[in-house]
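Some notes on the structure that comes next.
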Amino acid sequence: MIRARVIGKLWSTRRVEALPAGALLELEAENGARLIAFDPLGCNTGEAVLVTQGSVAAGYFTGRTVPVDALIIGSIDEDGDTSS
Amino acid sequence: MIRARVIGKLWSTRRVEALPAGALLELEAENGARLIAFDPLGCNTGEAVLVTQGSVAAGYFTGRTVPVDALIIGSIDEDGDTSS
Amino acid sequence: MIRARVIGKLWSTRRVEALPAGALLELEAENGARLIAFDPLGCNTGEAVLVTQGSVAAGYFTGRTVPVDALIIGSIDEDGDTSS
Amino acid sequence: MIRARVIGKLWSTRRVEALPAGALLELEAENGARLIAFDPLGCNTGEAVLVTQGSVAAGYFTGRTVPVDALIIGSIDEDGDTSS
Amino acid sequence: MIRARVIGKLWSTRRVEALPAGALLELEAENGARLIAFDPLGCNTGEAVLVTQGSVAAGYFTGRTVPVDALIIGSIDEDGDTSS
């Protein structure tokens, strides 16, 4: 998995039907790379998230085959710097 | 998934039979990398698209096994700069 | 597989239910890249580990589908420098 | 998929039995990276080819499990510069 | 697949049981990247090898699910420079 930060939301009106309804978030990984992930948790811009990639991301959607290759699986607990 | 832009169309007359009929588009990802994706949506050159990669791209083609590892799954809504 | 070193532990209170209980460790690979892996072995910070990635990491969890794309599969025997 | 150019042929006499008989070609991708792909089309050195990677490459070999993670799926039609 | 050279052997006494018995070799790819692969062929340090990656590497182990994402599938025939 990788650690990434939510930098925005992506909208796609014209899309394949197999893409599940739900939020698609734009993320920036630790190395600066950008990616888009499906978000089942309702994360906000600026939030640090844990992302899984590849076919295991699609496996999260049980009972159907979805073309999703990146999934937010957790919000990362951040303690420290900003709260002290 | 990644965000990319359509930069052209690829033609391949001599190809394996398992490759589905349909458009193969050349894309440029945000980081400048080039890739080729299958396009079920009829996208145009210059259009911003959402791309899924790996085995989940092939899973989109139900009932058959296809050697497709990159698929356009949405056209990205672009609002703003150019329309204001 | 890749060789990596444990650099910390990651906490995620708000997470998808499909993510198995257990330690998520932050790792630094040989090339400096950071990643997060599930740790079934109880590794410590500073330990050199062997990591497998992709769907085979999820396959380790038999009988259920988990969104895990990186798994520590061994602690690497280090002999030499530090013990002499 | 990626676009690559055939730069040579690879020979491997001592190999696992699961590797199918057939040509293994050395390719150079657009970004300069080198890879080896199985070639079911009989491509020649210098030819521009379309390559699929990962488990979908192995899926091309129906009825058996092969350790092939890169497959040439088309010869790219090149028109223009050299013919004008 | 990629071409790589064997640079050493990796030992891991404490490891998950699902990891098959057998040699784990440290490899250096053509681009300088390091990786660890399972070796069913008994390759030696310095030998040039053909490596497959991802879930197809695990598929080589029939009848069981193994967390192996890189497998040596051939020794590359090297003729020329050193023998002349």
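Should a chain be cited, it is by its letter among A, B, C, D and E, assigned in written order, with residues numbered from 1 in that chain.
Just so we're on the same page, a contact is a pair of C-beta atoms (placed from the backbone, for glycine too) under 8 Å apart; a residue touches a chain by one contact, two chains touch by 3 or more.
On a predicted model such as this, the values are computed, not experimentally measured, just so you know.
A.B. asks: Chains touching subunit A and subunit D alike, please list them.
C.D. replies: Where subunit A and subunit D share a partner, that partner set is B.
A.B. asks: Taking each chain's centre as the mean of its CA atoms, how far is subunit C from subunit D in angstrom?
C.D. replies: 33
A.B. asks: Just curious, how far off is subunit E from subunit C if you go by their C-alpha centres, in Å?
C.D. replies: Centre separation, subunit C to subunit E: 20 Å.
A.B. asks: Residue numbers in subunit A touching 2 or more other chains?
C.D. replies: In subunit A, the residues touching two or more other chains are 54-55, 57.
A.B. asks: Going round the ring from subunit C and on to subunit E first, in what order do the chains come?
C.D. replies: Cyclic order starting at subunit C, direction subunit E: C, E, D, B, A.
A.B. asks: Enumerate the contact residues on subunit B facing subunit A in the complex.
C.D. replies: 1-3, 30-31, 40-41, 50, 52-57, 59-60, 62, 71, 73-77
A.B. asks: Which of the residues in subunit A come into contact with subunit B in the complex?
C.D. replies: Going through subunit A, the ones touching subunit B are 10-16, 18-19, 24, 26, 33-37, 54-55, 57-58, 65-70.
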